[in-house]
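Down below are the structures I want you to see.
Shared between the two complexes below is chain A, which has chain B as its partner in the first and chain C in the second.
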Partner chain A sequence: MSSEALLRIRDLRVEFASDDGWQRVVDGAHLDVQPGGARALVGESGSGKTVTALAAMGLLPRRHSRIPTGRIELAGQNLLDLSDRQLRPLRGTELAMIFQEPMTSLNPAYTVGEQIAETVRVHTGASRKDAWRRAVEVLGEVGIPAAARRALEYPHTFSGGMRQRVMIAMAISCRPKLLIADEPTTALDVTVQASILALLRELQETTSMAVLLVTHDLGVVADFCDDVTVMYAGQPVEEADTVELFGSPRHPYTSGLLQAMPQAAHTGLDLSSIPGVVPRADRMPPGCRFHPRCSHAQEGLCDIAEPDLVPVDGAHTSRCLRIQRGEIDELSRTVDDRVGAARADLDGRTL
Partner chain B sequence: MRQPAAAQATSAAAEPAPLLEVEDLRKSFRRGGGSLLGRRGTAVRAVDGVSFTIRAGETLGIVGESGSGKSTTGRLLLRLLEPDSGRLRFDGQDLLIESRSAFRHRRRDLQMIFQDPYASLDPTKTIGASVTEPLRIFEKTTRRESENRGSELLSLVGLRPDHLGRYPSEMSGGQRQRVAIARALSLAPRLLVADEAVSALDVSTQSDVLNLMRRLQRELDLTYLFISHNLSVVRHMSDRIAVMYLGRIVEIGPADQVYLQPRHPYTRALLSAIPVPDPLIQRTRPRIVLTGDVPDPAHPPQGCNFVTRCPHAVPVCHEVDPVLEPDGGGYAVACHLSEGQETPDRTPRSSAAAPTQTGP
Partner chain C sequence: MVTIVGRRIIAIVPVLLIVSFLTFSLTYLVPGDAASVAAGDNASAEQIELVRRQLGLDRPFLVQYASWLWHVAQGGLGTSLLSSRSVLTSLVEALPVTLSLTLLAMLFAVVVGLLLGILAGLRPGSALDRIATTVASLGISMPSFWLALILVNVVALQFGLAPVAGYISIAEGGLTGWFQHLLLPAVALGTITAAEVTRQTRAGVVDVGGQDYIRTAVAKGMPTRVVVVKHTLKNAAIPVVTVLGLQFGALVGGAIVIERIFGLPGLGTLAIDSVLNQDFPVVQGLVLMITLFVLLVSFLVDTSYLYFNPKVRQS
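Here is the complex of A and B:
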């Protein structure tokens, strides 16, 4: 199954230069994106999800970063073996990326049509005329009204949602097989987010483009993605089909994230949280990286032995020793599971 | 004269007098003014006639998207911005007749927590200096008193006294937000305005800060105005909720009523747009996807502010600006289609109702 994957990341390590030498910020990233599929890469700040995505795109800063081990295969070809020069033609036509803040990714001094047309010319060698025609066409495809006229306008005349549509237009202008989207809706209002996700879904259906969606928002994951990889402190800790992951999480961190989300059933109750903070790259705890924050951690096991990411239930993988040993049966996934117990603690505040 | 919705509602419910009464609050900004050609620019009505009340001990949540005027409303209450017009009464006293300098003393009672503790804490000052600064200004406390009070305040928000000597850069985002809360509490305020107070935090630490705020509310008898774009967080925190769109409140009422039986088409679209973190529910629930973006507040549409994006607009919506109609029970909505009991479509319906539906 995984041999057919469009994007295949294996054992990827990424290090950044610091005053104290090289800091490993990604330590064993591992994920597949199927052709036409949608994979979520989820984690909080400092989890290494964005760095993993940038590595796949070949966009890590050359002087300050290095990749000591790992493979990033696109349709079987290891991108890490390619020079910048060899990689460039793949960007745009094979893989493309969109970012959280579209305004910083657009050049304010050129019209949006010029910027998209330039992308098309560079990547496909099309004539100026054809490239412009394609720019207008693709602006229409992403739902920008009066595309021929708007192509002549500058980025500042577009709203936040429309700018993200322009970025998507630029990214899909050369029909990439994989779109890497790094928090594409985080800066947008929720109604605009809904329309951008609807657009991405529609583009997936019509062009069978695969998407790697980097996000911290589990709601967006539930909405959009087929599969999920959860990252914590630079490592993937759980990987599963979306329905499976939300239905029966197999890592205490995932279960903690799901429970921390305020939902209707929480009203009047205290929210659950994960104590402590993500450890810094230079102060990783021994054993399981999550154990100092984990309510299931066992002394003499989790603080000593370093777990691997292994299958625990079919294709569902987890980096938790106690789950792997079958010592934890079921992790609660929503507050509903503990509403009964918590009712007693209700503070009596009327809501 | 138009009766402010929330004020009428309160008297009807025979509740104690509100702690804060806001009536027809307005604030415009000039955009593009002061150019070499001496043009005055366009007036943007950031807050356009907002009225509500907050009772002592309750939490009023304000939700809205960018440009809705929710943050400006919060700043006007503390006179961090001067309102153009309107009335603000706190504990029965008019806040706007006082001069700005006289108002400074009132700030003891009204404090604010901002989104970004990186920006609101001075990076060159220790936590102790930041937390006790208001005490030294308002109460002229000695250094020793300040230290004692600083320790108390930190333990109140779940930090240790030894955090007093640290700098903001040595603390996590959640800890910094606790420091900001401790500082806001230093003068024992009665009303706290929290503007996106947890929006910069990761979900695992966000709940800690929310739990802390609820505990402090109970222990210190605080009243909250809780402003956020995150509708789930607002629902969790609020007794009542106001939904803002383009500078106005379009719907206000008890939290459950607004969330479970929203009557304004904007509220319905907003609620349906929050992705639920459960794929089985999220992929089958009906969604109302609005077309277009929020209009430029400098050029609001004629008639109802929401008419350009409303899936249900009828001719009258293009001509007449709807007023916020209170129902006498603490609930009010500004929509032509919601008049009286006969709401044409009270619940979000499938394809017939909305122009764009995305199904599973």
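Here is the complex of A and C:
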């Protein structure tokens, strides 16, 4: 991986306190986000993708979580070495985050303008007047009509999509180098989803802000990200650039996710699902964590040996023993054209 | 917004009317005769009847009420049956004492309650939280008169840190003398309220602290002070302010006992004296004034919701 990555997460482990002691919910997260690039972090619920994102922001609940090992480097600086006080000035200016729930992520007691302006004031020391001007400006940038008037209103007068736009405005108000977007469209109507994604893509392209997009929606990924990291049960299982990953997935889990995309059905392929659910942190199966749900699992191999994430094709890495041994190669053929299908579908939505 | 405030002010009037009617009737329902009280201990039956006619007590009940209400509306609360002084004068004399006492008690409750509540609520389950919660439980279960006696015994008598009893106005003893004399009564009176405020604040801070918008505030790099004071407290304030409003009535009630213990010449002392002597005009005036204050406070509490919760402003 290139050394000039903006965000570098290496061997990150995150544990949560439970009644039975510490449960490891992220076990060896590994990803890079290039400056100005867009990386997707994909997986089902419970795969550890949101926890990884929250860890990068230093937002994990302090009393109930811990990070035994790992590095989260932002422009070469390990954020895990920083105290809360040292991390604070970086939040909002270097890295910012938007969340899944726009309905509850804004403070109901303050106007949206104030919530953006205070961010500007705290980070830049701007006067109230200048900060307010910036707030109105950035609200306009994210497509809020009549921004000067709307800035004076409270969050409850905004719809879900508009609130997510306000969240984005707040996040970009101090021009961060990295925006972490945690399922930014999951809680929104389908039509609104497309416009929010279009906005994020536009901001990423015009401001050279890097984006780490956490999502379970591969359609979104195909539309906007350069690179993809797929996580399963707290571990990255595959990593590649988007075209490569969609064209020739090298992990049965990724292949399963691709076949479960609703967009796939449009191309005449059968829509399928992955049987079972993500195992709980305290009930991880031995061997490959995916093997109980994997149609390619081989007895005596996958249920015993724990695979590592290793390169299988250039920069394309996979955590599958059978792929690494060259025993499976038919994954690619079942998912041809998925990128095209997904892109066509999303463009249709955007229109 | 103006109409909301206006509506709340108008709503005070009927409540005052009802309360005035109830207190006026109550004094007639209790055993005892106002005329014989006013006529003195050794009055003959004729003298009592004369006084009754002079005071208008021989008229029908509703006529008496209407006449009394008419005077009240003009600012007259009548004269004391015992001292023949204007009721209003007695009330105005006693009011500053009780007001000082309750406001100081309130201040004590707010400062201590907010501080303990915030510290506890920020780290639920921590040692500090457990201590604060225990102290609050103790505070709520301690009767104020008992606490008052303990305080007098320990702080005033054993350590001599405060006067045992008595009241000095700011005009007489300056701010220090006034404060010294009210410190123990205010702490004794305000402890239960402080405990209530602690519990409400803690609950509010815990609840709000888990909200998504607090995470947003942290994520955008707000200093802890701003996250707590600006983003958390304003949202946690409504139950706290509500409790404070409710507690105001309790404080005025509690002041009656506390004033007795510390020998403070406030409304409480006046209330006890006039009730024991069946000095009905004073009792009626007192109840009416205290009702007015309680209504005023709950009006302020209602109005504060407009500030704390923007959604209320539009409804």
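Throughout what follows, the second predicted complex is superposed on the first by the 320 of 351 C-alpha atoms of A that agree within 3 Å, B and C clash if a C-alpha of one lies under 4 Å from a C-alpha of the other, contacts with A are read in each partner's own complex, and residues count from 1 in each chain.
Just so we're on the same page, a residue touches a chain if its C-beta (ideal position, glycine included) is under 8 Å from a C-beta of that chain, and two chains touch if they have at least 3 such contacts.
Keep in mind it's a predicted model, so treat the numbers as computed, not measured.
Of the two partner chains placed by superposition, only chain C is touched by A:Met57; chain B is not.
Once the two complexes are laid over each other on the shared chain, residue contacts for A:Gly256 go to chain B alone; chain C is not touched.
With both structures placed on the common chain, the touch criterion links A:Ser272 to chain B but leaves chain C unconnected.
In the superposed model, B is the one of chain B and chain C that contacts more residues of chain A. Contact with chain B, but none with chain C, is seen for A:Gln193 once the two complexes are overlaid on the shared chain. Touch criterion not met for A:Arg283: it reaches neither chain B nor chain C. When the two structures are aligned on the shared chain, A:Glu44 is found in touch with chain B, with no touch to chain C. Overlap of the chain B and chain C contact sets on chain A: empty, with no shared residue. Per the touch definition, chain A reaches chain B in the complex via residues 44-45, 159-162, 189-195, 197-198, 201, 216-223, 242-243, 246-247, 256-258, 260-264, 266-267, 270-275, 277, 334, 347, 349-351. Interface residues of chain A facing chain C in the complex, by the touch rule stated above, are 57, 59, 63, 84, 88-93, 96-97, 99, 101, 104-110, 118-119, 122-123, 154, 156, 167, 170-171.
Interface residues of chain B, counted against chain A in their complex, comprise 65-66, 172, 174, 202-208, 210-211, 214, 218, 229, 231-233, 235-236, 239, 255-256, 259, 269-270, 272-283, 287, 289-291, 293-294, 356, 358.
Within the complex, the chain C residues that touch chain A are 123, 125, 211-213, 215-224, 226, 230-231, 234-235, 308-311.
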